[in-house]
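The block underneath contains the structure these notes are about, expressed in structure tokens.
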Amino acid sequence: MIVLLKLIQGIGAGALSISIGLLFVGIGRKITARIHRRYGPPFVQNFIDLFKLLSKKSISHGFTFDLGLIAGFSALLAAVVFLPMGQINIFPHNSSLIMILYLMTMAYLGMAMGVSSSGNPNATVGIARALTLTMGYEVPFAAVIFSVYLFAHTGSLTNIVAAQSGGFMNWNLVKLPFGFVAAEIALQGMLGEAPFDMAIAPAEIASGPMVEMGGKYLGFGMLQHSIGLFLETGIMVDLFLGGGSNVWIFVIKQFELYFLALLVNAIFPRFKIEDGVSFMWKVPLLLGIVQALIVVL
Amino acid sequence: MNTNLIWLVAMPLIGSAVTAVVVRYKFLDRLITFLTFATTLFVLFLAHVGQSYSWTLKFLGTTLNLTLNVSHLSIFMLYISIAFGTVLAFYSLIDNSRMKGFLLLLVLAANNWIFMSNDMIGFFFAWELMGWASVVSVLGGREKEKSRHAALYYAMMSVAGSYSMLFGIFILWRLTGTFSISANIAYLSSIIGGHPWWVLGIVSLFFMTFMIKSGIFPFHTWVPLAYAYSPDAFTPFLSAAMSKYGVYGMLLFLPLGLLEKGFPTAFGVPWTNYIFLWFGVITAVVGTVLSIFQDDVKKLFAYSSLSNLGYVVAAIALFTPVGITAGIYHAFNHLLFEGALFITLLAVISRSGTSKLSEMGGLWKKMPITFFTFFVGIASAAGIPPFNGFGSKWLVYQAMIKQHLIFATILLFLASTGAFMYLFKAFHSIFLGQLSHDYERVKEVPIVGQIVEAFLMIAMIFFGVQPGYILKPIGAIVKSMGLKPLPVMANGYVAGMFSNVYMPLIGWSLVVSFIFGFILFYVSAEHKNVSQTDNYTAGQIPEDWGLTPETYQFSWNFYQPVEKLFVPFFRIKIDGFFRGIGDWTKATGSAIKEIFVGNAQMYAFFAIVGLIIFVIAGWMA
Amino acid sequence: MSEWDELVNYFRGRSMWMLHYCTGCGAIELPPTMTSRWDMERFGIIPMATPRQADILLITGYLSIKTLKRVVYTYEQMSAPKWVLGFGSCTINGGIYWDSYGVIQNLDKYIPVDLYIAGCMPRPEAILDAFGKLKKMVQKGEAKGYEKYIKNYDWYKANQDRVFRRTEPVLRKAEEVTKSA
Amino acid sequence: MSIFNNAALLIAVPLLFAFSIPLFGFVSKQLTKWVALFTIGFNATFSLYILLAHKYPTVVVMGNWVPPFGENLYIGPVAAFLVSVISLIGLLIAIYNLWAIKLGDVTRFSVLFLMFIAGASGMVLTGDIFNLFIFMEITGVSSYALVAYGPRRRALGGAFKFLVVSSIGSTLYLLGVMLIYTQLGTLNIAEIAARINQTTPGLLTFAGILLISGLAVEAELFPFNGWVPDTYTGAVNGISAALSGVGAIAGVYALFRIVMTVLGRDGTYVFTYGKLDLMTVVAILATATVIIGELSALVQKNVKKMLAYSSMAQMGLVAAGFSIGSKLGVYGGIFQLVNHSIAKSMLFLIVGVLVGSGLGERIEDFKGLWRRSPFLSLAFTIGAFSMLGFPLFAGFWSKFAIVGASIQRGGWYDFVIGLILFASVVEAFYYLRIVTYIFSSTSIKEPKIRVNLSPAIPIFILAVVIVAIGIYPNFIGSFSMQSAGEFTHKMTGYVLNVIPTIAAH
């Protein structure tokens, strides 16, 4: 019985993450358009795109291509159920942050496997860039999460959220401001928004990993992006913004973070990959280390 | 007196003697090797903790007791190494490399002896035996001249290490008059309060050996050479099992009780351990960074192997319950996934005939079982749950954070991210991407190889989902070291300091979401399979362009941008330091050689001068 | 046409991703179409990077025979459903290159064009109008150029081969040259 | 004191046959080699009988003049053991010589070889320091001539250098003997040993310095070892093997018989009487020898020369073991001495076979030997591993013991052994370099090397013995241990066995 309940809850969480993620991207497109002084697409445009993609025919380069893209989507879905989302917390005793981060890695591995089995060098270059950038942003992010670990004396997101209960002044955003800024910059890299969008540069490497993806494959890619967006902003909310008393507040907080990212994305050009990494290892890492020192000492 | 223990050493020695006779008949050689491994494994089933066997040796003017002793740690190490060796020996039935069965069996005998020995004579004997047997094994690599250099380099490091340990052994003997390891460690532990520098000096003599054997910075330079140029069938054992000897040795010498003796601490660990820990961390980072830029796949995984040993060392150096648990657990996981990876590499190299990443590509269709084993292997090595590498890495972080070692943890995390980079590079360059025309006829390895690979794949998943089967014996080891073991929960749990992870849950979560993913995939519009060359080429038609799969495969200079980032670090050449010592010795040798001028008068003159000096010395005395 | 198909077509019409094959001078009209003045994204139309991802192939100018080869290859790499928009008079009748030996005059003979945008140059309004037309056609299920191409593949192929032959070198082998001399 | 006069045959028989060999030479030149072989065979059998039947300790008295009044031979554990080793290795080399010595004056070669064995045996057996000098000269003179044997010009150079340096050594030794004689009026080792503290310390020191300077030549200690590389390289390989396998044993024996038994003072660690502790002097010499030998060997391109330097270095190691002066150290030293003789003579024989089959002596010539002759390759590897002290091979135990003894003594011996271990790393490099060359095959297909039975037998036996000792060290080890007792306890071990009536001082 409990298994069935958890299963349904898990499916619900997955559906929530997909829809919220798609909605976020849709709203994001609208907001970006407004910054560009355009009208912009309807905010449900992403659902339409997804539907179109899933119903469009496509080509595949073999089983690994299929499996990789499914893995990219499914592994993130599997990770989402461990994320405490407001009052929805399906596995409260099993929400280790590092576990979630490593589980997300599987999605990237799957994605990478899929696209590079297409045999297109553009895709592989894109993946190589993405992985290089990962090395860039993971280091400051690691500094931040280990600071939070030490600060909260727990590694479980549930407990980190619980430790921040009791109002704005208890949020880690206030208590660990440098960490928050560092994590925010790292988040920009995680989301692949400008100035860290070198992995999917359309004009240089024909949209990188997506070069061979069409139809439902691109649809899966889109889903992965949406869930990833949900998960990454969700982790940030749990880490710094005190989670949420209910899921809608949680989502609003997520959106705030995404909104920040969008603003940056809309106006910035793109880093060269090595400059992106060295930026990550300079500014955010310094901030993260300052934060870590403050926590340790 | 448990005579079954002596068979653990004797059985491989006998097998080795037999295989040495039939060394010319390759299959027979391999078959006997495998049977010996299997028998040894069977003999091991009869052994259990607390057994001991001793016999005497009339040597060094006294009657010495040589003792074999089964502790929790040793039986754990024995099980994992012999079991892996058996699997490898089974694979080697179909292998064509120039590995000699009798050398592998000699290493096995030494392996068992090292893990069981409670006296330093036996330990040293076995250590040296293992040393030369593996050095000679390395000689049989594919690239003759390179494996010659590699073997020589490895031998030099190994011999230097052995002599350092020999020195340490006898110093301990001088102090205590016994060769018993446990007695000596108890002695060291008892005098550490009064003479810390003495103890540190002696222990560092031993640790130098162990660090060399495990390839810990700054002694990591031999590892890539020896791994890359050893016979492909021997490399898995070299990486998976033999790197553990150093770890085992360190674990023997770590319980000195520094904290109880009021040793100065840094971050809650004795400062010696703190320094040692940084060696581990640096190893992890250096291994990772260098691995990213390798083109030879065995070199790449050699660096990967030593990077993982950096994790192990960093964790055990803490000498806290969670640290030791994490270290041993990671050592086990390293054995499993690194062994599996090297076995798949063996399969790939035997079929493709090259170990250059830039010459491979697209092999997954040709070698599906190998491909999936490799996939699970890199997922484990990258620490992706629910495969087996995750739990230990996660515990390592916990252990480090527990001691507020935030910088070390960040660097380890960097190593882990970098690990993902090089693992994917190898994965892509071997299995994904375009299939070269040269490999159109490549076949999957024979059925024996497939069985081995499938077995390892299942093992990696099983021990990932059910870590309890490993964590329980590790708990016993931790307890036997006088530490409080981590709470043992149900089989699927990894219990950490800050939170727990229930691995089967992750597994189920993945299964459900994969089912969901597949359903979504198959209800969506259909797809058609196209050939690998039907690719987006910006409108260029491949034939017009003269495009071949090889030219359309991206695997050369894979992480070129990253290389720019690390340019300043490449100027530091540890390897150059050792080679410098070698060159200096050689130059001194050339100079000293000039004493022997080849002239009788000069020799006579030397003799007379020597005499005169003596006479003067006698006068002065 | 079943309800499901109607639904699908409705959404397809609302989300058309475009691959713009920019030959000739027509490409200059696309940036204003995409950016704030006309903003085609409000109709769900965005430019894509590769043929795999695109629904519309927009050809913005004259096509030399060599370029045609690439266009055909690109078109064939796109997945169904896919549509072709011919932009400007060059794609209709060759435009100012009507008498050039190296330029094709009539794109429709080589790949099935669903809709032409006449003019030299058509302004962004015309492009948006064409997208609107195409959207209606798609939603009604009328834009079936990709099926026509499969049905009449022989005819298209023959036409293509006839012009492609002109790109082959006149003298193929060195021996033939020496023999003739 | 038990008397066993037949033991004099160990010297008499080889000498007798040596001088009668020219008669056999009239029949057939080849026959002379067989005569030498059987003579040494007799020696080997007889000495083994003494050793295994435990006929020692015993004294051979000449003309019923009991010591200290007459000349005597003393067969203690050391002599029994070392004579066995000398004659066995000599026997194996004689077998090898059946194949190797074909050209030139075979008859005289056989004469000299027998004399060489007789001299070496005599050095080990004699109980008289002047007779020691005589036997040293016999060994020396015969070996100069043996070294000069052979077609190559470098043999003459080697022999000449040996001659010059060795003559100086003999002279110094004789001077030392003279000084002792002026002091004590006796030449009997046992008596001198018992009364050594009655001499003037200054004079004793001077005499001791002369003695060890003289003996260090044969024991190959720096700076008296200039002859070693050229002589070993110059001689034919059988003779190089004999020099390192037989001559070196006698040389080291003589050195430490004088230093430890004659001049030494009993104790946990043996020191010498006189103003200067000669054991320390020897230790310094030994350390210098090891380092110089190993470093010089490192840069050699010629395997034979490399082996020569390595011999020198190994002698240094042996001497270092002895010079520790404890029972354990001497045990290690003797054990190492024997192991070195076995391994090094085998290595020289292998080089001899290779040279005989048209290969050179350069390191490059060893490339791909595994393909051409697995037997020789394995034997060479076994020999090299034994030299390096790898387990399962003989050298492990002796090196282990020497290092152990040295560290047990502690003090500045820690530095001695530290330097020696560093030199051992160097040694490991140059031996393993050859081993790796052997197993790294060349691409060129080369013909197999056929090894004749006559050189194959000694090489095979020596290789088997190395592994046998490596697996079961106790057999040789127990003899070494008895021998060590004779060196470290000179009164009970030596003097009282020879002259039971002598007053202990």
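Which chain is which? They are A, B, C and D, in the order written, and residues in each are numbered from 1.
The rule is simple: contacts are C-beta pairs under 8 Å (C-beta built on N, C-alpha and C of every residue); 3 or more make two chains touch, one makes a residue touch a chain.
On a predicted model such as this, the values are computed, not experimentally measured, just so you know.
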item: Contacts common to subunit C and subunit D (chain labels); value: B
item: Chain at maximum distance from subunit B, centres defined as averaged CA atoms; value: C
item: Chain centre separation (subunit A, subunit B; CA means) in Å; value: 35
item: Between subunit B and subunit C, centroid-to-centroid distance (C-alpha), Å; value: 59
item: Chain centre separation (subunit A, subunit D; CA means) in Å; value: 78
item: Numbers and ranges of subunit C residues touching at least 2 other chains; value: 50-52, 77
item: Residues of subunit B whose C-beta touches two or more other chains; value: 534, 536
item: Arrangement of touching chains [line / ring / star / complete / other]; value: other
item: Residue ranges of subunit A in contact with subunit C within the complex; value: 29, 33, 36-42, 45, 48-49, 51-52, 55-59, 202-203, 206-207, 210-215, 218
item: Subunit B contact footprint on subunit D (complex, rising order); value: 157, 160-161, 164-165, 168-169, 172, 202, 205-206, 208-210, 212-213, 216-217, 222-224, 226-230, 274-276, 281, 291-292, 295-300, 327-328, 331, 381, 385, 388-392, 396-397, 400-401, 403-408, 410, 414, 417-418, 421, 424-426, 428-429, 432-433, 435-437, 439-441, 473-474, 477-478, 481
item: Of subunit B, residues touching subunit A in the complex; value: 362, 364-365, 371, 375, 378-379, 382-385, 390, 393-394, 397-398, 401, 404, 406-407, 409-410, 413-414, 417-418, 420-421, 424-425, 427-428, 431-434, 496-502, 505-506, 509-510, 512-514, 516-518, 520-521, 524-530, 532-536, 538, 549, 552-555, 558-559, 561-562, 564-565
item: Complex interface listing, subunit C residues touching subunit B; value: 21, 50-52, 69-71, 73-74, 77
item: Residues of subunit B that touch subunit D when the two form their complex; value: 57-61, 106, 121, 124-126, 128-129, 131-132, 135-136, 139-140, 144-145, 147-148, 151-152, 155-156, 159-160, 163, 166-167, 170-171, 173-174, 582, 585-586, 588-590, 592-593, 595-596, 598, 600-604, 606-611, 614-615, 617-618, 621
